Each structure stands twice: as C-alpha cells, then as structure tokens.
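In structure tokens below, several structures.
Each of the two complexes below includes chain A, the first together with chain B, the second together with chain C.
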Partner chain A sequence: MNSAATTLFDAAELKTRFAGKAELLRRIIKIFDEQTPQLLGRLRHAVRRGDAAAVEWTAHTLKGSLGQLGAHTTAELAAQLEQAARTSAPGRSEVLLKDLEAQAAQLQRMLKDLANSPDL
Partner chain B sequence: MKVLIADDELVSRTLLESYLQYWGYVPVSVGHGKDALELLKEPDAPAIAILDWMMPYMSGPEVCQAVQKLQKPIPPYLLLVTSKADKRDIVRGLQAGAQDYVTKPYDVNELQARVDVGRRMVHLQQLLAQRITELEDATRQIRQLRGLLPICCRCKKVRADDGYWSEVETYITGHTDAKFSHSFCPDCYKIALAEFSLKERGAAA
Partner chain C sequence: MAAPAKILIVEDNPLNLELATDLLEVAGYAILQATTAERGIQLARSLLPDLILMDTSLPGMDGVEATKILKSDAATEHIPVVSLTANAMKGDEETARAAGALAYVTKPIDTRTFVKDISRFLPTAKSSR
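After this line comes the complex of A and B, so read on.
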C-alpha cells in the first residue's frame, strides 16, 4: 500500500468501529460499491451540463457515504465540489471531479479488498 | 418502538437501520421527505423520526414544519441529521420544529444516546396523555353530579339525563365509582324493629 492510499481511509479505525459487525461492514461496502459509480455518473453528467444544483446535491450525497466509511480525504473533495457548485465555479468543478473519480475508484478497490480479507 | 428513517443516501440509511435494530428499535425507511411526512400522518406513525437535512421533494426542516402543523396529540420526536456541526444549521433545524439533531458521519454512541432520549420523551408524553385522559374522565363525572337533579319528594327516585326515574343509588353508581353497601341508619333501625315486632305479634295472634 503506498502512502497516498493509506491516507484515503483508515482500515484499522473502520475495523474497530465495526468490531463484531463484520457482516454489516461487508454490506455497507457492497452498497457503497454499487452506489458510487451511479453517483459519479450523475455528477459527471451534471458538471457537463453546468447544472450547479445537481452537482451540489450529488456531491453532498457522495460526501455522506464517504464520511460514514471514514474516507475523510475523499469526503473533503466532495465537500469542495459541493461548495464550488454553490459558488458557481465550473472550471474548478471539472478539476475536483477528476480527482474525486480517481480517489473513489482507488477507495472502491481498497474497500473491496478489505471486505474480502479473512481477518475482517 | 418504530423509528422512521428518511434518507436518500443508502450507506447512511443502511447503517442507521442496522444500529436501530441492534438497539431494539423497529426501523421504517423512506427515501425522501414527502414519504416521511405521509408516514408521520398515519395513526400508527413511528414515535421517533430521524430526518436527513437534504432530501428530494421535501427537506428535513420542511418535514419538521409540516409535522408541527399536524397538531397531533402526541407529536413525534424529530431528530434532524446535519452533515456537519454547523451552528447556523442546528439553530435553523431546531426553529423548524426538530427536538434534537445528530451529525454525519454518525458517532454511534452519541446517536444511541440521542435516540434513547427521544424514546424517554415519547414515553413521558404518552404517560402524560394517559393521565390527562383519566383526569378528563374524572372531571366529566364530577360535572355530571353538579347539575340540577330532579328528585321525587316522596319516593326519592331521581330523574336521570335520559328522562327515566331511578333509585338514587342506581344513579350514583352509574355516574361515579362509588359503591353502596346496604344497612340501616339508627332511626330506620328502630322503625324496622317496631314493624318486625308488630308482624311477629300479628302472626302469633
């Protein structure tokens, strides 16, 4: 695991938080895995259309799920995107979305690995 | 106890459902504010509702305002979910009619404590409503006994609200929790004894 990846989410913290509730954590990861590409798709579409309200709304929703999984760095990116939509900064939205997509994809892989790991 | 969850984001919603089940509550979930309000209008509505701030169709604070207008005898305990501890949001939420708030991401212990406070509040309100009903019943009975009651000056029967004449004890038994045990007062005891002696003598003659 490289240093950038380790800052994306704290696996140890997640394991402690879900101690004795491994099945719930697996369920949550599965839902996150299904929901995130849909939200990112909607976000991409809204950024392209310049629909600030939809960007704000979808980024907010994504921020919620990221926060629950302890992915605070990526949640902060989503918060910045939400803020950029609110302050009508489309150029910034495009850049933030790219970062968000890259981080979310990495997160999804990491969370999947965690869900499949026998020591969870 | 049923707890309504209104959130369009599935990770948060599933987490909340699971926690509530662990703590012995019965979660009922909806994906937006309008459905939340419809559920809260029903007679057997959940006593506690956890409402996300940002939801499609109707936001959490809008649901709180609409619930206040319903003027239910026992209003639901409303908890608003904010994504951050923004003081302005909290004030706005409480002004809209929420009783309390929780922040996302959930701090499980805090969440449980706040939902439990809600359960205690609902329980207290139910007890209070029950006592009020009992008091209203008692007041109604007292009021029934305070009116003008026509009584026959000879046989002492009273005319009840339905127009029928009945014994005083029948009337009072029907209108209060009082019960009668029959006996003789000292004056009537003397009369009854005299009547009994007369009868005995008549029988012997």
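After this line comes the complex of A and C, so read on.
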C-alpha cells in the first residue's frame, strides 16, 4: 500500500472498531461496494443538471458511509461537495466530484482487499 | 419468557441501517426498520415499539419533525426517542431534545459501545432476549 492510499483509509483502526465482528464488517463493505457506484452516478447526473438539492442529499449519504468506514479524507471531500451544493458553487462541485470519484474507486479496491483478507 | 424489546430504527442509509440492525439484533432485540420519517411514524403508531432510534437527516420530512409528531401523539408520546445524527455540531443536541428526543447518539456508529448506548434508554422492564 502506498502512502497516498494509507491516508485514505486506516485498516488498523477499522479492524479495531469491528473487533470480533469480521462478518459484519464484510457485509458493511459489500453494501458500500454496491451503493457507492449508484451514489456517484446520481451525483454525476445531479451536478450535470445543476440539481443542488440532489447533490447535497447524495453527498450527505455518501459522507455518512465513508465516515462509518473510517475513510475520513474522502468523507471530508463529500462534505465539501455537500457544502458547495448548498452555496451554489457548480464549478467547484465538478472539481470535487472528480476527486471524490477517484478516491472512492481507490477505496472500493482497498476495502474489497480487506474484506477478502483471511486475517480480518 | 418476556418478549424481547422492540426497537424501531428510522434511517435512510442502508449501510447504517444494516449496521445498527445487526448490532441490536445480535444483542437480542427485535428490530423494526423504516427508511423514511413517514414510514417510521406509521410503524410507531401501529406496532408501538419500546424505543425509536431516529436519524435526524432523512429525505423529505426530517427526524426532528418526525420526533415532534410522535411526541404530540397520545399513542406514541410515551415511546423514548433517541436521535442518531452525523452532525456533531453544537446546537444539534438541543434541537433534538427540544423536539422531544431523550438523548442523542452520534455517527459514525461505534460498534463497541452502540448497544450499551442505546439499551440504557429502554424502559427498565424491557430487555434483550
């Protein structure tokens, strides 16, 4: 794992928070893996058509999931997108969404690896 | 043996709903689920849970408004409501309490303390299986 990836998500922290609950963590990761592409698709669509309420709401949901999985850096990006929608900053939303998509894709891979790891 | 305490969880994010449900079910509680405030109010009125865990941010009617409605209804006013919120901001606790919530639990959910945090608000005669 490179240093950029390490800052996205702290596997040790997550394992500690789910100590003794590996199966539950696997299920939560599976839900994240299923919902993230849907939420990002909705966000992309909402940003394109300038639907600030939909951007705000969807970013809020994604922020909640990211926070629950200890992905604090990416959760902060989602929070910024939520805020940008609230303050009508469409140009900023485009930039933030691009970063969010990139980080989320990386996170999905990392969390999948964790879920498949025998020592979880 | 007494029936397990019934807890209604009103939460729109499937990830948080699954997490809260699993933790409380494993602890022996019977769980009812709603993903909107409107459905939560409907279930509270018809099934009279022993406790309601209410997300404050919900699509459409929010959890604060739903709590106010439940607390102004003679059929549901006695049911303790615990607010669940991601907004760890000053003032949120007051807002939830002003609406009638008994307490306030912040997200992200801590799997190590969540059950204890919630179960202490159940009426004492009710417990887990």
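Everything below uses one rule, namely that the second predicted complex is superposed on the first by the 120 of 120 C-alpha atoms of A that agree within 3 Å, B and C clash if a C-alpha of one lies under 4 Å from a C-alpha of the other, contacts with A are read in each partner's own complex, and residues count from 1 in each chain.
Here is the rule we go by: a contact is a pair of C-beta atoms (placed from the backbone, for glycine too) under 8 Å apart; a residue touches a chain by one contact, two chains touch by 3 or more.
The structure displayed is predicted, hence computed values, not measured ones.
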item	value
Clash-or-fit label for the pair chain B, chain C on chain A	clash
Touched partner set for A:S65, first chain B, second chain C, both or neither	both
Partner chain in contact with A:A19 - chain B first, chain C second, else both or neither	second
Which of chain B and chain C A:A105 touches, first, second, both or neither	neither
Touching partner for A:I28 - first (chain B), second (chain C), both, neither	both
Touched partner set for A:W57, first chain B, second chain C, both or neither	both
Contact residues of chain A, present in both the chain B and the chain C interface	17, 21, 24, 27-28, 31-32, 35, 57, 60-61, 63-65, 67-68, 70
Chain A partner contacts - residues on chain B that touch it in the complex	8-12, 14-15, 18, 54, 83, 104-106, 108
Residues on chain A engaged by chain B in the complex (per definition of touch)	17, 21, 24, 27-28, 31-32, 35, 57, 60-61, 63-65, 67-70
Interfacial residue positions of chain C with respect to chain A in the complex	12-16, 18-19, 22-23, 57, 59, 86, 107-112
Complex contacts: residues of chain A adjacent to chain C	17-19, 21, 24, 27-28, 31-32, 35, 57, 60-61, 63-65, 67-68, 70
